[in-house]
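Pasting the structures in now, so scroll down.
Shared chain: chain A. Partners: chain B in the first complex, chain C in the second.
So, the complex of A and B:
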């Protein structure tokens, strides 16, 4: 049985990626199981999806503990323990990382003996992150060596049937290009027999102790834990204050901000972009209409240009 | 036979479509929403001839479903977890109307704490409400069981609503190859709905589900519902044969895997049971005589069949994916009730609780469950119920608690009372 795990963030197309691979396997005549796993349904949250494919009906379910192939669409997830990217990765596992860093760098960083492949993004892809899922699937399909180019293309057309033709074509182009780029590594991924009943490691079960309710009630006692979580990453629109128009009322935007992400210093409001989620409540509330909504992507490009020129 | 990849949610929607449901009251809740999204798309495109209405809550949704069923049409609806509990008052109420319909529940752990992942405490809370319950382990089974559920619900010797249950994520969001039956074949199997006297219509008033004063008439109606539910066993056995003849897939009330010569038997509900099936295969390779029983019918409870299948076995391990606070596993106690006093009943009936809130049950844990059961048989001593939890999980929990208490202390230092 092939066992494949995809890791990415909500919005990066991981569910679609796993479904394309699942469908491609199915077209090849395999028995297939594909499924996503996520907590909060929002952009930017870590998610993973998995695919099992076998020539027998599949009864194994749930999280893949010992993956043959791990596909990482977003390399910033690797150091996040909750994302579980490296769970069960051993010498047998193949790791495919969407990253501009070298294979050697990743091997050293992670202290891994397994096979590592990277998918350095082409310049024009950077601005088109939404096609990352297709790129990853194309490369994964070739590394597996079990999916033909034709069936990969058919699976993409099937899974994206409801999308506009141009989008489908773009996904196809990205996936097939990645498929071709991995040509010399075709079949790098192999299957592995799971632990048998003869030599299993006993689970270290414990008897749970009684604990006082003030410890064992599911409470969060402070907001202090949220400062380190850069919720600003979720933003698709950025509120930008035009200080020429701001009438220094000192309270409206900061009071209405549901995240407390606007502070006012000497009557001048300042937005904390690390934590502003881009809800646009301040844009709507500002009496002199001094806050503008700028697409985050545009704002980031402007930041980058300013950074380069200064 | 053509198969396509469908999620459990997709399979449930197909079941509703192929059963020619006329009316679908709906309210979205994760991880069930895809069912009503699919039906909504089909009705909008005219691919499914049904009226779909979105309601403002599950309480209203279940009321609407049963009211429509009482007017003599075929009704489908779906919910999950907190939604099932929010509709709980009406679940109990409408089963007494004796108006049949089918409700799919996508099992998900209950608050608190909140989770989106599966366990069976939601469906266990609906255990005594008068709905029959079919529990599924594969996406194919979800589709097939939905068709079978209409036959059960509408049978003249039953006429009670039926819940088809599947696990959130493990089935609802998981795609597997599913054969979608031909529309005509499915319609023939489900048959025409004959609502008999339950044709609630404008200008022909009828009072349904009236109040009764006094315990005797009340008891009469409650006992009748119970007897009707029990008729479900015989009706199910018949229609199961008919289903197998029509579609080539056989679903006994209790699925038995490698049990004929087994000494040790694992008993589990739902899709996690297929994981136990993998463990049984592995253990059989090392010569352990182990089997698996997976009840598909939970209401009516197939007690006689359990007695027959477990007769002469040495040890049984019940793995409950639910917890009745202060008691333990629900299926374990139900099985104990069924086996008590039987001369040839297994001497050892062990209880394990696992899979709460989607917690995985690993292959190694299944091996150990069987090993613990073998020891209990050898020593003729039943160990206390085991709440599956590992040292590693406790470590991770302690890490979270440590972070929480640091924050608590930070707050305390700024003036609040110290509380650890």
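So, the complex of A and C:
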């Protein structure tokens, strides 16, 4: 059985990518399972989806614990523990990462012996991001070696049937291009027999006493403690204020920020990057255009360089 | 005409520059509903109990985190006004029994999506107004069931695409006039607001806070996820909703409806529609002139009945 996990951020098309791959497998005659997993969070937040494909009925359920192939649409997710990108990855797993950094860098950074492939990250324009899913599916299909070019194309047309023709064509082109580029690595993904239910061993359970309702009910007694959640990790673009240009109007960016992540101290706005989700409303609304959108990765690199030189 | 009370919010510079609601919530990047909530929470303040019906906003407080500084309570979709009645009664009893200082009293605020407000929760809301419940009701109207993937609701506008209204004509129904339905109950206050017009919003919340009885607000909430637009356009789309006349800003007090911002030269509705993916089928593969003019005509008809 093939077990494939797709990781991305809401809005990057990973759910669709997994659906397309599932359909392509189905067209090849496989039994298929395909499920998206959303958290309580939305566009920009880490999400994943998974596909199982086998020539026999699939009885396995739930999240894939030991993947054969992990596809990562956004490499900034790898260091985020909550995203679980590396969960269950072992030497047999193949990692396909959408990233501008080299395969060697990733292997070294993650201390991994498994096979790693990269897809050079696409344009940083948000409009292009929606096609990233197609690129990932195309490359994944070839690495699996189990899906033909024709069935990949058919699955894309089926799954995207409701979209405008131009968009379907663009998705097709991106997916087939990625499929062709991975030609020499076709069939790199291997399957692995997993622990069956019969071999299941009970974990060492810890008994937790049943507490009084006052303690065990999920009441929150804190005030505004949502600030503990670092939604800044969602960001792919970072708004950066040019204080030379800011005319200290003081209200526009701060009032319009949907997240309340800009406060103004003595007429000077300050963006809270731990929580800014990168919607870019401030960039569009700032009257003197004093806020610029910088790709988050570029901004992080600059931060790191500045940190190193100081 | 009744004497205009003086607002402390004359211009944007009078609005708060730091915010009360906590950051780090799980709403989508660019959520217009959260933008409105941030603005109004600054004015309502922490002496409040929010009663929140199931929808996107119930994810604001997911154990163990909350952005609220005061209290918050979760209810099923149809039941928030009933929940608010319980909370109001409890507060009143505590005060009456002198177990709570009247100065510590709290605003009871219902917060629901349009699925609840225009649909499932309408009957409970009607009953609460009938009982003259002393509460604030805030509906963030993203014109569909956002939390479950934008299925249509009774607030979905004609022609918009939703998860359950696909095809070249979009949603066949018409957006329910909730403002008129609410106003027909003759509650203390009814108003429409939008986060893209923060001064108008602040004045209305300020006014509502100074009153007692049922005070009802509908906040148009541009939703990048459900309406399919780039999150950075949230405010631009909210402003266009007002400038095209699609979203009239108005209030009902003492039996009178007043428009608080009349767009002098209304922009064509196309300017508003064209920015949103949920209307893309009106422009591609070719322009659906008939449907666009129908939408325009409804807006024109509305404003031709407005005296200024």
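Criterion: the second predicted complex is superposed on the first by the 195 of 310 C-alpha atoms of A that agree within 3 Å, B and C clash if a C-alpha of one lies under 4 Å from a C-alpha of the other, contacts with A are read in each partner's own complex, and residues count from 1 in each chain.
The rule is simple: a residue touches a chain if its C-beta (ideal position, glycine included) is under 8 Å from a C-beta of that chain, and two chains touch if they have at least 3 such contacts.
Everything quoted here is computed from the prediction, not taken from an experiment.
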Taking the superposition on A as described, I'd like to know which of chain B and chain C A:258 touches: first, second, both or neither.
second
Of chain B and chain C, which one touches more of chain A's residues?
C
Per the contact definition in the header, classify A:277: touching chain B only (first), chain C only (second), both, or neither.
second
Check whether A:26 is in contact with chain B, with chain C, with both or with neither, and answer first, second, both or neither.
first
After lining up the shared chain so the two structures overlap, which partner does A:206 touch, if you call chain B first and chain C second: first, second, both or neither?
first
Overlap of chain C and chain B interfaces on chain A (superposed complexes)
39, 41, 218, 220, 222, 224-225
Sites on chain B touched by chain A in the complex:
5, 30, 112-113, 116, 169-170, 173-177, 271-272, 274-275, 277-279, 282-283, 285-286, 288, 358, 360, 362-365, 367-368, 386-392, 394, 401, 403-404, 407-408, 410-411, 419-420
Under the touch definition given earlier, write down the residues of chain C that touch chain A in their complex.
12-13, 15, 17-32, 34-35, 38-39, 46, 59-69, 166, 195-196, 198, 224-225, 230-236, 280, 284-285
Seen from chain A, its contact residues with chain B in the complex are 19, 22-23, 26, 31-37, 39, 41, 58-63, 65, 194-198, 200-206, 208, 214-215, 218-222, 224-225
Chain A residues within the chain C interface of the complex
10-11, 39-45, 126-127, 162, 164-165, 218, 220, 222-231, 234-235, 250-252, 254-261, 263-265, 272, 274-275, 277-281, 283-285
